[in-house]
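We just call them A, B, C and D in the order they show up, numbering each chain from 1.
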Amino acid sequence: MELWYTEKHTDTVDFSIKVKKHIYSEESPFQTIDFFESEEFGTFFTLDGLMMVNEKDEFVYHDMITHVAMATNPSIKRVLVIGGGDGGTVRELTRYKHLEKIDMVEIDEMVVRACEKYLPITACKLHDPRVSLYFEDGLAFIHGKVNEYDLILVDSTDPIGPGEGLFSEAFYKDCYTALADNGILINQHESPYYPNYAREMKRSHSKIEKIFPISKVYQFHMPTYPSGHWLFGFASKTLDPIADFDPKAWEAFGLETKYYNTELHTGCFALPTFVKKLLKE
Amino acid sequence: MELWYTEKHTDTVDFSIKVKKHIYSEESPFQTIDFFESEEFGTFFTLDGLMMVNEKDEFVYHDMITHVAMATNPSIKRVLVIGGGDGGTVRELTRYKHLEKIDMVEIDEMVVRACEKYLPITACKLHDPRVSLYFEDGLAFIHGKVNEYDLILVDSTDPIGPGEGLFSEAFYKDCYTALADNGILINQHESPYYPNYAREMKRSHSKIEKIFPISKVYQFHMPTYPSGHWLFGFASKTLDPIADFDPKAWEAFGLETKYYNTELHTGCFALPTFVKKLLKE
Amino acid sequence: MELWYTEKHTDTVDFSIKVKKHIYSEESPFQTIDFFESEEFGTFFTLDGLMMVNEKDEFVYHDMITHVAMATNPSIKRVLVIGGGDGGTVRELTRYKHLEKIDMVEIDEMVVRACEKYLPITACKLHDPRVSLYFEDGLAFIHGKVNEYDLILVDSTDPIGPGEGLFSEAFYKDCYTALADNGILINQHESPYYPNYAREMKRSHSKIEKIFPISKVYQFHMPTYPSGHWLFGFASKTLDPIADFDPKAWEAFGLETKYYNTELHTGCFALPTFVKKLLKE
Amino acid sequence: MELWYTEKHTDTVDFSIKVKKHIYSEESPFQTIDFFESEEFGTFFTLDGLMMVNEKDEFVYHDMITHVAMATNPSIKRVLVIGGGDGGTVRELTRYKHLEKIDMVEIDEMVVRACEKYLPITACKLHDPRVSLYFEDGLAFIHGKVNEYDLILVDSTDPIGPGEGLFSEAFYKDCYTALADNGILINQHESPYYPNYAREMKRSHSKIEKIFPISKVYQFHMPTYPSGHWLFGFASKTLDPIADFDPKAWEAFGLETKYYNTELHTGCFALPTFVKKLLKE
């Protein structure tokens, strides 16, 4: 049977995946959630029709959202994940035995429940005793918090729909306040290639730059996201991801990773010239 | 009108581009050549139905095939391009005023003629006085040549069809012999993500490693190639692309580039762990 | 979300339906069964990836398989349906109050159960007291039966997979024997337009012609089947669908129908010249 | 190479044809004209992205627009074709040796010239001495003409774009006046299946009914038009297509036809019940 999921990367560019089975489809109060089985990517799920996570390349995203910050500051103890309903970011965090507290604030409980059922590969560590799940609006959750976290990971959808506020200046300011003095903010930073994504990348970056003394961007290869060229933002009050990076400290954790490594840690901050220009505009 | 070009990245993954006009379609003695106009990528052309070059992201490929080697050894004088019928690699080479000789061996003259007509953005420097065009089989051309080039750029199609021999051990040996003592070989090295491409990546790498004392691989973001994660191989007799790299020497050339820069030079060799593993298999 | 079901009408012709939800997907011992919800066609289901029945145009098929024969001989009492797991043919038959016995032999019980759940529009009359369901091979069921039915309706899939035997000469002979002297056989007769279907149409017709004294073909517009031009075969021992047709007798039943009517009864046997030629080949 | 032309039959139903070559693409003052080569349908062309004519099933359309009227009144001498730029309707008309005058009024000369070049199968008889070509607006051309034609064939596009006026009441009135007392008007009458087409079918029919004493609709199988179920309108002042039909008179012309025949002549007016209902609404 020919059943194809298509994501329109632009109005004139389609990315299509042959689907074996459409295993879940529900409207939550926030978005439409669909799960599929495919040959190439295993199980994958979409929110409002956009690819979020699949079994084949989720490791790229979850390595890169987590380990760059954890390696920059191996003393991080208290982490807040905003979004990340699939659980993959929490899974990577729980591998660090020294972490004391992992709060995850996901607005849409239905995403978490569906991932627990259909994507245990990512949702497998949500019951770690250090993890607290909050099914709330991340913006409200963080507002008013002071010096509570060493690391905030914004694992959000695109800035349309429920993820929109997570790209606002007010939110970034609240993150700043909620972070300790050596705190780090990592945020989903969109992509430089297709114009719609590049615009959001620039908007997000210009807002964060105003608030955080250190604001950098790093890249990775995410084949199932539009263009495959994806970015995270690294913002902090004091720590520089390269100058303050001690590869040996991270290697001492003894973690095996499929994408991240300490060479790549530095390499991923080396951006193409056109991306650097866009970020300066 | 809805007219869509589709490249099957795998049997179950399609990448589709809405086409405004199909402006050229011919069978050469070697392959089927098609040119299209599109909104997102401007003019693009395919060989045997696979995306080769488009106006939007050709700069990525041509920066990365050329400048990494030129920056590793700024004294390169004699260059051989094998394949590269679109002319983009030669265009980048001609920007180096100190180059003395650029030989380009392309088996399919029809590709060059069509690119001159429809893709002047890449085919614009083929009449530079230092450029000699040979419409011949690259394998035969290089066979028997000794110490004639400082740099060989293998700008080939995938190892199916006319490009096949350019992935053979015999060919790599001939390249070795044709290179000077500090010679460098750059070759199109496929991609680590989809299995068919990863297999060719591994085969190519294992052959080159046997022949060249230094054999490395570097990556870049090429959104219109399958997975967007693409590689070149860097092989040489003596020069190491990082240890022997002098950013200032390259910067002294004063070239403006849209993708390549001297930070990225080092960064692009930092490969994800899964790619490093595949290359060692 | 963009999720599209595609049926390849030929290797180079696709018919695609945007799907809202893929509500069922199972492998039965005989075939793959999938149910979908769509905007244009409502719920539809496929067997081995081919469109069988949808809420929008099922009435065409079920009117035409049933009423042409019932109107030709209003005295029919005993009917056998072979295939027809969706129940639509039985539904139309049960509207005739004077029918005494409706046997339905469907090889794949899972089709019936799924239709009862997801397509009550067709599967709503399977519990009529005159209906007996047999989940058996239609070929075996009919073999050896003599003069047991006034009408046999072969509501089969294409002659690939489980439907294959229902296009064989041995089967048509068994139908002949199982029918009363004024018995009628209606069979799914494929389509004249695309070569693969036209070949099966001709094969089926030439076999039936050898066995039944009267063998005709009638056409209808079935938009969701390949080409939209579909046929049933009308074969009988003595009755001619036009010469023996009494419109008033059928109209006396007082049935409302959306496709069939007594004018169309005659009109549908008027075939285009190219179809007549193909059937004579 | 995978290049597919898609016509959206509705927003959620696509019909796609694999294209070998896109051989022509121009903007005329009236519409966008594209020609393609395909395996299944040979050469085909589209106006504003909608399938008009292809080598495989043009015979259906051109048989049905021409022969039903010519057989109803074998004394027709003067014919006006409005639209029909591909020439297929004129080709069928020229087969009647007794016709004296065939005027064809096509607003878009570029369509005719392109068909002469790429679709000689339909455009082959435009130089018949009885044919006069007028590249004008059909509405203006016919306005004011009195009793000049025995038959008017409106071979138009859909009522969007240049074809719009050809579905207006004023135009139908002008046709009435331009026709002789036993004159016949045949018009492209859209389709009953998909709602957008059914709406136009009803609008057209209700307008014609007001003007012509006799107004009927006949159907045919046109696989490459949306749903494959297509209609022509038959309107006349005095002649009834069935009551006044003399099969022998038409057969005396000795024409071989692939779709039309004298049985089908009557049969094609037998419409499904749902179509009859729609036409009465």
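The rule we apply is simple: contacts are C-beta pairs under 8 Å (C-beta built on N, C-alpha and C of every residue); 3 or more make two chains touch, one makes a residue touch a chain.
Since the structure is predicted, the reported quantities are computational estimates derived from the model, not experimental observations.
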item: Subunit C and subunit B - chains in contact with each; value: A, D
item: CA centroid of subunit B to CA centroid of subunit D, Å; value: 54
item: Centre-of-Cα separation between subunit D and subunit A, whole angstrom; value: 58
item: Centre-of-Cα separation between subunit B and subunit A, whole angstrom; value: 33
item: Multi-partner residues of subunit B (each touching 2 or more other chains); value: 4, 14
item: All chain pairs that touch each other; value: A-B, A-C, B-D, C-D
item: Residues on subunit A engaged by subunit C in the complex (per definition of touch); value: 1-8, 14, 19-22, 25, 32, 34, 46, 48-49
item: Residue ranges of subunit A touching subunit B (in the complex, touch as defined); value: 4, 10-18, 38-40, 57, 59-60, 193-194, 219-221, 223, 227-229, 257-261, 263-274, 276
